[in-house]
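Letters are used for the chains, namely A, B, C, D, E, F, G and H, taken in the order the chains are written, and counting of residues starts over at 1 for each.
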Amino acid sequence: MPKQFEVTLAGFGGQGIMLAGQLLAYSGMAEGKQVTWVPSYGPEMRGGTAYCTVVISEGRIGAPIITQPQSVCVFNRPSLEKFGPMVKSGGLLFINSSLVDIASGRKDINEYLIPATDTAVKIGSVKFANMVMLGAYIHITSVVKFETILQIFLEKMGDKRQFLESNRIALEEGRKFVQ
Amino acid sequence: MAKKLMKGNEAIAEAAVCVGAINYFAYPITPQSEVAEYLARRLPEVGGVFIQAESEVAVGNMLFGAACSGKRVFTTSSSPGISLMQEAISYMAGAHLPVVIVNIMRGGPGLGGILPAQSDYFQAVKGGGHGDYRLIVLAPSSVQEAVDLTILAFQLADKYRAPVMMIGDGMIGQMMESVEFPAKYQDPPLPPKDWALGGARGRKPQVIKSLFLDPIALEKNNILLAEKYKVIRENEVRYELYKVNNKNRLLLFAYGMMARICQTAIDELETEGISVGLFRPISLFPFPEKEVYREVLKDNIERLLTVEMSMGQMVEDIERCSKGKKPLGFYGRTGGIVPMTEEVKGAVKKELGLVK
Amino acid sequence: MAKDELTILGRPESLSDNITHYCPGCTHGIIHRLVAESIDELGVRERTVGVAPVGCAVLIYNYLNVDFMESPHGRAPALATGFKRLRPDMIVFTYQGDGDLASIGMSEIIHAANRGEKFTVVFVNNAIYGMTGGQMAPTTMPHQKTTTSPMGRDVSLSGYPIRVAELLSSLRTPAYIARTAVHTPIHVIDAKQKIKRAFAYQIQGKCFSLVEVLSTCPTNWGIAPDAATRWVTDNMMPYYPLGTFKTPEEEIA
Amino acid sequence: MPGILINKTYCKGCELCVRACPMQIIAMSKELNEKGYFCAILQEPTKCIGCRICAITCPDAAIEVHTHGTQFALFKY
Amino acid sequence: MAKKLMKGNEAIAEAAVCVGAINYFAYPITPQSEVAEYLARRLPEVGGVFIQAESEVAVGNMLFGAACSGKRVFTTSSSPGISLMQEAISYMAGAHLPVVIVNIMRGGPGLGGILPAQSDYFQAVKGGGHGDYRLIVLAPSSVQEAVDLTILAFQLADKYRAPVMMIGDGMIGQMMESVEFPAKYQDPPLPPKDWALGGARGRKPQVIKSLFLDPIALEKNNILLAEKYKVIRENEVRYELYKVNNKNRLLLFAYGMMARICQTAIDELETEGISVGLFRPISLFPFPEKEVYREVLKDNIERLLTVEMSMGQMVEDIERCSKGKKPLGFYGRTGGIVPMTEEVKGAVKKELGLVK
Amino acid sequence: MAKDELTILGRPESLSDNITHYCPGCTHGIIHRLVAESIDELGVRERTVGVAPVGCAVLIYNYLNVDFMESPHGRAPALATGFKRLRPDMIVFTYQGDGDLASIGMSEIIHAANRGEKFTVVFVNNAIYGMTGGQMAPTTMPHQKTTTSPMGRDVSLSGYPIRVAELLSSLRTPAYIARTAVHTPIHVIDAKQKIKRAFAYQIQGKCFSLVEVLSTCPTNWGIAPDAATRWVTDNMMPYYPLGTFKTPEEEIA
Amino acid sequence: MPKQFEVTLAGFGGQGIMLAGQLLAYSGMAEGKQVTWVPSYGPEMRGGTAYCTVVISEGRIGAPIITQPQSVCVFNRPSLEKFGPMVKSGGLLFINSSLVDIASGRKDINEYLIPATDTAVKIGSVKFANMVMLGAYIHITSVVKFETILQIFLEKMGDKRQFLESNRIALEEGRKFVQ
Amino acid sequence: MPGILINKTYCKGCELCVRACPMQIIAMSKELNEKGYFCAILQEPTKCIGCRICAITCPDAAIEVHTHGTQFALFKY
C-alpha cells in the first residue's frame, strides 16, 4: 500500500482546528500528494467541539475518515478523552499541554506534550496555538515541508498576510518542543 | 486547469458554473448551504441568477418555471428539503424538463440529524413523487467525481429532457479534496431545445404541461417516458469495479463515500489474505442490473455483502439483480454514523464465517 | 357583414378558436377575453408566456394564443418567478383561481409579491373551488354553502374570507394591486382597464402587478348565470370592495 | 348601421347578453346548437345601437359587433 | 349490520367513523373529494373534527399535531396531494406516530389525469420521503375490503405506532358495492398511548420529536424503527390466492382492483382450458416475500406475469422475491387506462407462447 | 441567601435546569424565560403543549418544562391547529423564528391566523437564519449582509423585509397581534406583558394570538451581544415599529 | 360461472344515467345479488359525456368494468358511437331513438330502439327518459323485478317521492316498447 | 437589603447585565467557568437596589434577585 499520513485535529470551535487541517491538506496537495480533509462540527454554532481529519497519501485515498488514525492532535481535554484511545497502536498523539493537564495513559503510542496555547500567547495571540502544534507535528512526521506550509499560508490567507511572520515563529516554536 | 483543493459543496457549485448552469434556486439547509453561499458570490460574476426561495416547495417550482426557458437550471438541498420537492419533481419529469437536483443527504427520517447518511436511496431511485417516472440518479464517491458527475448530470438532463439527481452523503459536501475542472468546457452534441418557451413569434404557441385528461394521451406520455428510460437503461449504466478478480471470495456492493471506505477495507483485508472485490454502482438509475448479475455469477464468489449508510435500501436492488444466486448480506449504520473500515472488515469476515 | 363594415368588437387575436370547456355563463370566459384583448392592444402576444393554474382554468392554454406552462396547484407564482428572472424580456403572467392562489398557493404569491417579481397575476375569485366540484375556498363567503361546508361557512371555525388584494397591499414592496369584477358590463370595462394597466406596468419593467377579479361559478353556486351575477353584487361586492389598493407610484412608507 | 353577429358555435345559451343589451333586442332561440345549447339570436337588428355591451358581456366571445363607417363610442373600452 | 350500497370513498369514511377515527384533515382533490364531502356532514353528528386544510402540506402537518393527542386521525388524498405530504410522513414515521393516510391514486406523473391508476406503488412502498422509514401499506380490491382494511389500518397504526397507508386506484373510490360494517365495533387489545401529549400534570414533560443531534441517538431511533418493521414483516403479511392449484401453468400477480380483473380473466381462461392462478398481495409492505417465493417455486408454474395499472412498479418486488426462478413478464396500462379482461387474457397467452 | 430573604426574580418553574445551547447574549434565552414566566403566572404549565420550530430554538423542549412536539420547518401552526382542535382544553403555543414562520411557513401562519385557531405564536424575528449559519431571511434588513446576500440585501431583487405583524393584522378574523422587543430591559418588560396577554387571550378561548419579538443574533450578525442590542435599536426598530396591531375587542369592519 | 348481468349506460351528463345505474344496482342488491356500479365522467363539470357500468351477479364479481358488456343502453349519439361496437356478440343494445337517428349496424346483437326521451316528455319531463329505458331493459333481461326498482326508488329518493307514479308509468311505457 | 446571585453554571459572559445594571455594579470576572466563559460577578453588593433589571436582561436566567422583607417595585413586570 502507498505511504499514507493520517491525522485528526480536535479541539474547541474557534481554536483554528479546521484551518490547521486545511493548511496541511493544501500543503500536501502542493507537494503533489493526494489529500482529503473531512470536518465535523457539533450542533452548537459557537463553543462546540470541532475536529477534522486530514489524509495525505502518495496513492488514491480510500476512506477519508479513519477509525484509528496514525496521529492525533488534541487541543482540549474533551478531545483527548474522545480521540486519545483511538490513536493507532504505535501512532502519535500530540497534546496541547497548556489546556490539558493529563496524558492519555497509553503505553503503545508516542505522546508529545506541546504547550501550544501558552506558546502562542507568548508569540502574540492564542490564535497561533494551531501553528505551534503543526510545527511539532510536521517535524515529527515530515509529512510536508515547513516552507510549503508558509507558502500556502501566504497564498490562501492573503488578508492575514501580516501574520505570516508570527505563524512562521509559531511553527518554529512548535518544532522546538520535539527536536 | 490547475488542481484546486475544494469542499465538495463548492466544487459542485463551480462545476455547474463551468457548464453554464448559472441559474440556481435554493433554500438553506445543512449540510449543503455552502453551495448557495458560494454561488451568492460567484453567480453575479458570470451574470447568473440566484434566488433564495421561500421554501423547497417554491424551489422545485422555480426550477420548473426556469427550466421552461431552456436554460440550464439546478438546485441543491438535503433530505427534508428534497421531500418537499417531490410534487414538482413528478411534474417536471412528466413535462420532460431537464433540471439537475443535488441531494446532500443527512440522517433521517424527519428532522433526523445533520450528519452524513445514504438513507434517501429509495426516494431518489424508486421515485418519491407520484406516477410512473424515474430520475437518472448519479452517486459520486469523491469530490472530483462530484464535479465530473455534475457536468454529466447537466448533459444527461439535456440529452434526455429529464430531471437528473445526484446524491451524495453529507461528507462529500463537507470534505475537501483536490479537483480539476475542464480547462475550456464544451458540450457534447445535444438535441436542440425547440420545446423551450420564449414567445410565439413566428411559430405556434407552445405549451409545457403534464395534464392529459384523455387517458390515451396520458398513457402516450407515459410510454414516451418509459421509452426514454429504456434508452437510458441501455446507454447510461455506469459503475466501477475495485480489485475484482477471480480470487475474490466475496463481492462487496457500496456506492458513494461508502465505497471509498470499502476500498480501504479491501486493501487491508488483502494484507490479511482475504480477497474481496467491490462493485460500485455510479448510476443508481439506471442500475447496473446485468453487470451486477454477471459479477455475482462468477464461480469464485461465495457471498455478497452490501454496505450502506442506511438500514438497507440499495440492498433490495442487489437482491433483485443477484436473483438469489449467492447469499447476500447487509451491513449498515445510520443516522449520521459512517461505517468505518474496521466495521466493514468485521462484516466481511463475519459473512465469510471467519469470525462469529 | 357588408364590405364597408367595421368590426368594433370581436374575438381578439390572442384568443384561440377553441370552444372553452367552461360552463354556460361562467365568467372565466370574460376574463380570458380581457387578458387576450390586453395582450393584443399592448402588442406583446409574441413575447408573452402564461402560467396556467390548477383549477377550472387549467386548460387556458387551449384558449389563449401564447406560450404557456402548466403549474402544480398553487405554485404558478414560483414558476413565473423562475421563468421571468431568466427571461426578463418576456411578458409573464399567471392566471389563478382562489383555491389555487389563496389557499394552497398562499406562500408563493406572498413571497413573489414581496420580492417584487415583475410579472402579472390575474386572480379569479369565485368564492369556491370550481374544478373539484364546489368545495369551500378561503374566499368563500360567511354562511355560503359548499360541499365541504354543507351548513354554510362557519366563521368561528373557518375564519373570515381572505381579502387577497388587501393582504398583498400591506406588503411594503412596490406593486400594482387592484380588485375588479366582471358581472356587469360596467364592471367588465373596469376589469379591462385594470388588467391592461397591470400588464403595462410589467412592460415598463416597473413592478409586480395583480388584479383580483370577482367571478362567478353558476354551476357550483347552484344558480343560473344571471342569478350568479346578482349574487356577486349582493354577497361578494360588500365584502370585497373594488378599487386600486396599491400603485408603484406611491411613496414607500 | 351597427349590428352584431352571434357565432352559434361559441354560444352556450347563458342569456347574459339578453339581460345586458340596453335595447333588449337579443333573445334566445328555440333551437339547439351542436353542443346542445339554445343560442342567443338578435331579434330586431335595426334597433341595434352598436354599444358593444352584449359582446363585452359574453363569456364565450361569441358576439362580434360591427358598424358602417364611424360609430360614436359610448364609452372607452 | 345490514348491507349498504356505497361508494368506496364514502365507505372508507364511514369505516373510519366506525373505529372512532373522527378527526379528519384534508384538501380536495379528484377522485376522492367525496370523503371530505361525506365527512363534512357526518362528523358533526358524532362530535368529530374536520378541517379543510389550506394545502396537503398543511394536511400532513395537522395530522402530525393531531396525532400527538393520541386520538385517531386520518386523511385521504390522491397522488399529487400525497407527494406534498412526504416531508410530514417522514417526520411522523420518525416520531412513531399512528396515522392513517389513504391514497386514491390517479394517473401521473405531474398533474396527469383524474382516472384510476396504480402508479404510486413505489412512493407508498419504498418510501417517498427521506430517511430509513417504511409505511405499512394495504391495498383493497373491493369496497368491502376497503372498509375492512381501513379498520385494520387504524388498528395497525396504534399497534405499531406507525403511519399506515392504504392505496387504491381511483375506481375503488368511485365505484359502488355493497358493504357491511361491524355492528358494534370493538378494538382488539392495543398498547396504551402513554406517549401522547396532554400536559405535564403529575408527570415529566413529554416530547414527540424526530431530531437526534447525537448520531448514536439517531441511529438508536432508526434501529427502533427497523425492529418494528421486522416484527411487522413477521406478523402482518397479508395476501390472497385465487384458483392457485397444481395445474396452473402461470401465476399472475396483481393487487387492488387490478386483481379483480385478473380473476375474471382467470375464470375465462379456465373455460378455454388454460389454468392460471393469482397471487394478490394485500399488504404491500410488509410484502409477502416468502409466500411469493414459495408459490413461484412450485413445479407446475412455468411462468410469472405481473399486471399493474402502471408501467411496472410492483413487478420489481416480484422480481426480487422470485429470485429468477421463473421467467417473469409484465403487462401494464397507465394514465387512467385500466387493463381489461381481454388484455390480461391476451398477455397471459402471449406469455405462455399460445399467441404471438 | 439568608432565611428571611425573598426571591423577587429567578428562574421560573417552567424553565428547566438545562443550560441552553444558545450563543452568549442571544436573546432567544430571554424570550424563553418570558414564555416560562407567563406560563407560570397564568398557572397553566400542566396543561400547556408547545410546538418547537426548526431553527436555533429547535431544542426549546430541553429548556421549558412543558409537553412539546417538534414540527417540520415552518409547519408549527399546522401542528398546533391539529392538536388544539382535538384538545381545546390545552394551552398550545408555537415558538418560531423568522425563517421558519415568515419564509417557509408563510402559508401555515396566515391560514391558521385567518381561521382564528386558538393558539399562541411567539415569533422571534432576528432578521436572519441563525441555525443554518446566517443566511438571508424575509425579515433581513435592506443592505444587511448575510452569507446569501454577501453584498447586502438588495431590495430590487429580494424585496423589502416582511412585516409579519402588519401582514397578519390585515386579515379580518379577530386576533391579538403585537410586536415587541427584548434588547433593553424596558423592552423586555413590554415583551413580557404582551406575551402574557397573548396567552391570556388563549386561556379565555378568545382568539389567535401572536407576538412578534425583535431578537438578536450576535453570532451571525458578527457583532458582540451588546452591539447587537444597539443594532436592533438602530436598524430594526425604525422599520419594525413596536405596538399592538390588533386586538379581538376591535369592531370587525 | 355464476349467472351475471352486465350493462353499460351512457349519455350526456344530466340525463340521469348515473341514477338509473344506481337504481339497478340497489335493486340487484335488494334481491340478494352481488352488485357493482362503476361511474365515469368526462373532464367537463357540465355537459360532458357520462357513463356507468353495472354488474349484477349471483356470485363474486371479478372485473367491474367490462370490455364487452352483455348489454348497453345509449342515450345519445356519441355514446352509440363509442359503446355500440363494444356490445358482446349476441348481446343487447338499447338506443334512445328520440335523440339517435341511426342504429349500430351490427347484425350479431339484438338492438332495441326505444324513443325514451319523447316518451318521457309525454309523461311529463325529459327526466324520465332513464326510467323508460330501464323499463325496456328490465323487461328483456329480467335482471330485477319492476317492484324492486320502484321500492328502491321510494327508499332512496325520499325527497322525489312525488315522482313515484310518473316513474312507474315511465317503466311501464318502456316495457311496452319491447313487449 | 436587596441583592443578586449569579449562577456561574448558566452565565455565558455576554456582559448584557453589566451594561444594564443602573448602578453599574456588575463586572466580568477574569476566570473561566467550566464552559469556558468569563462570568459576570456582582462587584459592590451593597449598592444593589434590587431593581431586577440585570435578571430581566440576562438571556440565560443566570441571575436571581432577592431581598429582605418588602421591596418597592420600581416597575411592574
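By definition in this document, contacts are C-beta pairs under 8 Å (C-beta built on N, C-alpha and C of every residue); 3 or more make two chains touch, one makes a residue touch a chain.
It should be emphasised that the depicted structure is a prediction, and the values quoted were computed from it without experimental measurement.
The minimum number of touch steps linking chain C to chain D comes to 1. The chain with its CA mean position farthest from that of chain E is H. Between B-C and A-B, more C-beta contact pairs are found at B-C. Put simply, the chain farthest from chain F by mean CA position is G. Centre to centre, using the average C-alpha position, chain C and chain F are separated by 35 Å.
Remark: chain A and chain C have CA centroids separated by 63 Å (rounded to whole angstrom).
In whole angstrom, the spacing between the mean C-alpha positions of chain B and chain H is 54. Per-chain CA centroids place chain D at a distance of 40 Å from chain G.
Of all residues in chain F, those touching 2 or more other chains are 23-24, 58, 70, 72, 103-104, 106-107, 111, 115, 131, 133, 138, 158, listed in ascending order. Among the residues of chain G, those in touch with two or more other chains are 43, 47.
Chain contacts: chain H has residues 35 touching two or more partner chains. Contact residues on chain B toward chain F in their complex (touch as defined above): 27-30, 33, 36-37, 40-41, 44, 50, 52, 54-56, 80, 110-111.
Remark: chain D residues 2-3, 5, 9-10, 12-16, 19-20, 35, 37, 50, 52-53, 55-61, 63-69, 71, 75-77 touch chain C in the complex. Contact residues on chain C toward chain D in their complex (touch as defined above): 1-2, 4-12, 15, 19-20, 22-30, 32-33, 184-185, 188-189, 192, 218, 224-226, 229. In the complex of the two chains, the chain E residues touching chain F come out as 23, 25, 49, 51, 53-55, 57-58, 60-69, 71, 73, 87-88, 91, 95, 197-202, 205-211. Remark: chain F residues 103-107, 110-111, 114-116, 138, 155-163, 166-167, 169-173, 252 touch chain C in the complex.
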